[in-house]
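Scroll down for the structure; my scribbles are underneath it.
Note that the chains take the letters A, B, C, D and E in the order they are written out, and that residue 1 is the start of every chain.
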Amino acid sequence: MAHVELNDLVKEFDDVTAVDGISLDIPDESFTVFVGPSGCGKTTTLRLIAGLERATDGEIRIGDEVVNDRRAYERDIAMVFQNYALYPHKTVRENMRFGLEQHDTPEDVITERVTEAAELLQIQDLLERKPSELSGGQQQRVALGRAIVRDPAVFLMDEPLSNLDAKLRVQMRAELNKLHEELSTTTVYVTHDQVEAMTLADQIAVMDDGQIQQVGAPTHVYSNPRNMFVAGFLGSPSMNFIEGTLERDSAGKLQLDIGTETHDVPDEFDDELESYLGDEVVLGIRPENISLNQDGIAANVHPATVQVVEPQGEKTVLEVGLDTGQTIKAAVDPDTTVQMGDSVNLRFDRDSLQYFDPQTGESLTYESKSEQKLTA
Amino acid sequence: MAHVELNDLVKEFDDVTAVDGISLDIPDESFTVFVGPSGCGKTTTLRLIAGLERATDGEIRIGDEVVNDRRAYERDIAMVFQNYALYPHKTVRENMRFGLEQHDTPEDVITERVTEAAELLQIQDLLERKPSELSGGQQQRVALGRAIVRDPAVFLMDEPLSNLDAKLRVQMRAELNKLHEELSTTTVYVTHDQVEAMTLADQIAVMDDGQIQQVGAPTHVYSNPRNMFVAGFLGSPSMNFIEGTLERDSAGKLQLDIGTETHDVPDEFDDELESYLGDEVVLGIRPENISLNQDGIAANVHPATVQVVEPQGEKTVLEVGLDTGQTIKAAVDPDTTVQMGDSVNLRFDRDSLQYFDPQTGESLTYESKSEQKLTA
Amino acid sequence: MSTEKQSLRRKLDRLFVPLTVGPTMLWIAGIIVYPTLKLLWSSVFWTNPIDGQKEFVGLRNFERLIFAEGGSGTVFGLAPDFVSITWHTFVYVGLSVSISFALGLGIALLLDKDLKGRGWFRTAVIVPWILPYVMSGLMWRWMFNSEYGAINGILTQSGLLSSKIAFFSDGTLAMMALVIADIWVFTPFIIIILLAGLQNVPEQLYDAAEVDGAGKVSRFVNVTYPFLKPSILVALTIRIIFDIRALDLVWVMTQGGPGKSTEVWASWLYRTAQVFNRPGEGAALGVVLLAVTFLIVAVLYRVFGESPY
Amino acid sequence: MSTKQSTLGQLIAALGLDTENEWSHVVRERLVAYALLGLYVFVIWFPIYFIFITSIKPTSAVLDIPISFLPTQPTVSNYVEIFQNRPFELYTLNSLIVASTTTVICVTLGTVTGYSFSRYDFVGNKTLLLSIVGARMIPPIALIVPFFSIMSNPPLIGGLTGSLYDTRIALILTYTFFNLPFAVWIMKNYFDGVPESLDEQARIDGCSRWEGFVKIILPMAKPGIAATAILAFIFSWNEFVFALVLTSSEQAQTLPIAVSLFVADDFVDWAHLAAGGMIAALPGILFGLFFQQYIVSGLTQGAVKE
Amino acid sequence: GGNGSSDGGSGSDGSDGSDGSGETTGTGTESMADSIVFYNAGSLKYDPGTEANIERFEEETGISVEVNEVPWNNLKTSLTTIWRNEDATVDAFNGPTWWLADFVASDWLEPLELGDSHMSNFPTNLQDLVTLDGKTYMAPEFGKWGTFLYDQTHFEAQGVSEPPSTWDEVVSKGQQLKTEDTSPFAFTWANKDVFTFKQFLYQAGGQLFNDSNEPVFVDAGMDVMDFFTELREQDLIPDGISSMGEGGTGDTFIAGQLASVESWTPLGARALDADSWGKDRLASAKPPKGPDSRATFQDTNGISVSAFSEKKRAAKKFAKFMTTPESSKTNMKVEGNPAVIPSVYDSEAIQSQYPSWLLEDMKFNLEHAKSETYLAQPQVDDYLSEQITPALLGDKDPQQALQTAQNNIESLYQDIGLL
């Protein structure tokens, strides 16, 4: 167990900068999740921590030691590779045993741990097969098993559940959670699955283009994105952005002119937004914070026309056209009876509104919202 | 473009029956999605259709022809492999061009399609790289691109989006949807992502253990599972199952004795359930169909204690303990303020209740519910 | 595509195996069947070296070569020549194959590294194999020359030795000279085969192994070796087959001498069949060699014969 | 970093020995690798050097003691004398033609056949492979006489070709026979290491077996092909006994025969022998140097590995 | 297998009859071919004498000679292979006399019918050597036999005025001639051990076989062994005699590290040409006399014609031409090969080229050289070699070695029906 520290970490491949100056503290016993778009450098960061790539610049500390020049096998880590990297000539059992054998684990402990992990991963029956005789999801579980039997200082997991079905994935997630609670091993985890990120992480690091955009507790980052990238990246369907010009209405209250309509800015943002008066500002609202208000007009209620109804099981996503012409998404109850072409009134939940600077993408309300949360 | 028909298809590996008698009609121009737990035989089925495995038994028809003996290259299909299988020695561009060149596509068409697909997949900048220089998600997109540039009779896609982040995945999903609308190519698609399955599919086939459990329109299957397996498999978190004994209350209404409490069975199920009177019956209710009822006791409201609060961004999942001792899950609004240890009252949405035979797992209410739907 | 072309394409495709395997089989069969039958046939005849008179003798040729016809100096009833020549062959093949294999493996691993200029190293390392064996044999004969050879020159002129060594007058030293020459000539072969084999090791498995805590040796054993096995099989088998019947170096350097102390199976066979003009016994020896080679190859197959996937 | 680097610095950087851009252990390993390779190359080249030195010594000085390891009175007279007498260009040409034709045949057939053996579980797969390799286990020396009679009176095609004795064709046929089994076998084992999923993808891309093989698998088999080619080439290049028996004049004799002609019955003329040896070695060395980039790239452009 | 030799007779009577008559009558079905194929052992470069004679032959007869050079070590193999297949590839070849017995027994050679006038040029011992069953199968071309050479400068320096004339003197004078850098005496060894042995065996009055093909060399062989043992034990021959191939001996002699040497090669001619050598330093003598004689081992090379040749007439003509006194002289002039015709030594051209003392000794050797033709020669030699080598090196008891060799050879001969 150890904390991991990345200082100004840079990794360049010939002409690509995969990791572009990352600084991050991964506390001991924490569960840190990296998320970010495809190709943003998550895997590379993991590989740097593992010692499989040499940092072009910057420093990596594990425990209190700078490990830049330590080899992977000296770093005491276990890793789940995105592409599994199973040993094709070894059986599942041998694949899982190997790491333990390398660390001189006593035979009985090996047997025990492998049996345990296999059960947990529901691959007990596959132990004598070769990887080529396994399905994709089974291979992935073996890859995961190979890591969790170990008792390393740091776990590195690169999308370890991506090929599992939803049900198994929920189970595995729960198992990983339990495992982490039991062992408290510092874990760095890459996933593209929001739910996984939200439920597993102590801290979540959102990456883009080789850089970390925001770090923090998952719910915090979700509800207080630092910038439009983070806001748009987290959540599915992603946050709606509506551009408008900030002005004061006759009553002196701030409002956003979004074309043919206006949107009332809640009072508490007065301080932050005042300076943007007359400027372009982007309003952000998540689909799930939009509800259908069929009762009658109130504040921040926008009329719209339903264009697409997309039932997704537990919810139904509507694509609705605002009167301004812009299309936004709303996630509503699956029992809804609205149909394509229906006219609806959208209510934006006022507690969930975000405002951004369209130039820099920075959130204008980040500080105030975080404060709110903290004082709450 | 062609319809695909599987008749009693069986595939055995040495000692494993991967596909165990599948019959399925995949209509021309349809988008059929296979879902099922890891290792249930999805990939194998795809490979059988592709002609990469030889069926042990049964018949495969593409168009009107039995193709069991046709070679893969004569079947005119494009396939995205679960593990990508990119040509390591070819650049991304060459990987994408290759299939077209094989089909004697004119040079300008090739260039155009590759450029288009690359843009759509956001890999324009990677065209000259070798696969080994790509991130996992980038490789997957290349694999997808290699298929979609083609204009085959059938598309086979094996979890083509599993390694993409949520946002990109939504985009890609939309693009695939659009593509399918434009080209109407018969598509067989494997995914473990419920949302993908729900939004893309014309028909969804739920597999388990080499067999098809249910086929139908996605929303239909979701809300009218034929058996407990399908019910439990679709949806995340999955459906809660509560066992009880069916009895009549003093008023003569059917009710389920679930231990220390009872649960009222809606009247419309009287016919189907009558014969189970005195027997064990399983009640199924999805987490999202459970809401917090803090107003007061009504029918089918169960008191419970919150054990775990799991915020997942767009919703919050509660693990709650019923007074009967059983733990079930409920998905509630993320704004909820309930905390661990709180006592809550759960309201089960009566339209969403399902009843199953605990022995066979068959739904007892399947027919009636489907009828309802159809008449609705 | 026209249907005609398509059906041709299909036909060709169905004929893939016959078309790819057929010609080779025909080629080999066409040119092997006769000589092989001839070999087996000859081995049961005895030809008088003087007048060429042939006589069917059954297995007597084998008996004579392998088993002593009574007499002294026999070991377990085996012919002394057979025993001593087998021993020489064993020493010669065993030493030179094992040493050159170890050396070749080491060099191949070095050359597999991402080194600048490794292209030149590779070429430099192959060269000994490119030279005609005769030339190499003569070269080593010259190197080991008792008076003017470079080896003696170095040893005496540097003061390591006071008097020169007559390498080719001593059985053991002559064998050593042969082994050294053999290693010199054939190590490049091992290097090349192993180097090609090393290209099949998926890089990501090294990563996985490193993360699993595997050091250099363990990575070699657990990742490199399984993928190298087919190449090791090829390298060792071909190397051993070549060496068991290698004639050129022995013939050029020692002709089996001094006395018979460097006589090996190959030179024995050659001498018997060609020099002594006793084709029957030569053929019998050939059959024995064939059997021994088969045996060795079977063992090698056992040990190294599975593919990594 | 200063813009002016010492030459040594540049060299160190070029060789990837600068610790700033590389893992220190990688640098250390490289240094060791260079040292070991250097030593090895030095040791194996020493005999060649010694022969070379011998060849440029005046005939009389060859037997001087102490032996001089440096060229004290270099002369080309040995070479001149040899060249006046020997048609080395013919021997080289023969060697080249025989070796390269053999190589082409063996590599072509060996590759396709090896591929089939690796991929297809056809009837008799194992038996055939075994018999192919087994065919090669017969000691060639035992086949000299049958081969001679086949070549001087070829069955089936004899009417067309007449005797093949003392022709390059005889050597090519013979060498193909010796090398083809190995070629098949090496390639089979090599293909075993190329993942089959790539064959499958090729088929999905619309390739027949032939096309998939030629367009996808073949390029990935370069290292194996290179190794096979080198093996076949060098074997044919070096073969002696059959060249001896099947040829008798410079219209077909190869370099090994040329070299052994320097060995007279009763004495070895080391100076001329060394010169002749150098000449005989030269085509090989030049060939090696000329093709070194192909050899190297062939041996490294692997499928699975970058 | 008694009909082997009779087959040979009837063979040449029958199938080759036309050739035979063709030669004698000058007519017949076969016209004179305009080219022949001649297999030469090794490169002609080392046979400039032969080369010169071939040129003369081509000029004078208009028959072109295609010379195929075959490495010396392998010429016999090549020929054996070719003839076992009854192939007509080879018309004529040159090789040593000791191949004859086996080749003739196998019916592979054509009698040359050189005529008495031609054959009488050669000494009788040589005529006997190439004549089997009354027919001549080889035209002797140039000679090889031991020449005793010594380093006069060294002899003088050590105060030895006369070369040793007997084995005993080799030993006694050897003590005087021995210095730190120089061994007193050496002879060819390595794979020529049997020749060496035979030479000394003849000097000891022995022979390998008696007239009824029985090996009978043990007694005389012991004399040789005793002599050698003495030489070795008194350190009068160099160490490592088995590496003393002819090249080695000659080279070492030229390098000044041997006081005297017995060699088959044209070493005399070579030494004369070498740096720091000359007529004052090089001297020759008749071989030291053993218990019986001063005989040397006869290793003459000659030209034979293939029984399968389709150009026998031209080939025979060639064989004859190459062995005339004129050719013999040319050969000796050009290459230094000792001529096999005594009269050549008296010719002016030769006299002026070589010192008379050298010629005198050569001629003596030619006339006193001895040899035997015996069947299964390679194997017999092999049996001998494997026994005498360790014996000569002191690794084996000489008596036992010789006896074993003799036994082995005897059973070999029984095996192949000669005894």
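Observations, loosely collected:
Keep this in mind: contacts are C-beta pairs under 8 Å (C-beta built on N, C-alpha and C of every residue); 3 or more make two chains touch, one makes a residue touch a chain.
Please read these numbers as outputs of a predicted model, since none were measured by experiment.
Any chain bridging chain A and chain D, meaning touching each of them, is among B, C; the list is complete.
The chains that touch both chain B and chain C are A, D. With centres defined as mean CA coordinates, chain E is found 96 Å away from chain B.
Chain centres here are Cα averages; for chain B and chain D they lie 58 Å apart. Centroid to centroid, with C-alpha atoms defining each point, chain C and chain D lie 15 Å apart.
With centres taken as mean Cα positions, chain B sits 23 Å from chain A.
Of all residues in chain E, those that touch two or more other chains are 73, 77, 81, 84, 251-252, 255. Residue numbers of chain A whose C-beta contacts span two or more other chains: 71, 83.
Looking at chain D, residues 63, 65, 144-145, 195, 208-209, 260, 262-263, 268, 270, 301, 303-304, 306 sit in touch with two or more other chains.
Under the contact rule stated at the top, the pairs of chains that touch are A-B, A-C, A-D, B-C, B-D, C-D, C-E, D-E. Across the complex, chain D is touched by residues 54, 56, 69, 71 of chain A. Considering their complex, residues 13, 16, 35-39, 42-44, 82-83, 133-138, 140-141, 158-159, 162-170, 192-195, 198-199, 218-219, 222, 232-238, 286-288, 310-315, 331, 334-335, 349, 351 of chain B touch chain A. Those residues of chain D that touch chain C in the complex are listed here as 14-16, 29-30, 33-34, 36-37, 40-41, 44-48, 50-51, 54, 62-63, 65-67, 69, 109-110, 112-113, 115-117, 120, 122, 128, 132-147, 150, 155, 173, 176-177, 180-182, 184-186, 189-190, 192-196, 208-210, 223-224, 226-227, 230-231, 234, 237-238, 240-241, 255-256, 259-260, 262-263, 268, 270, 273-274, 277, 280-281, 284-285, 287-289, 292-293, 295-296, 299-306. On chain A, the positions that touch chain C within their shared complex are 47, 50-52, 71-73, 76-79, 81, 83, 85-90, 98-99, 102-103, 130, 132, 146, 156. By the touch criterion given at the top, residues 1, 6, 10, 13, 203 of chain C touch chain B in their complex.
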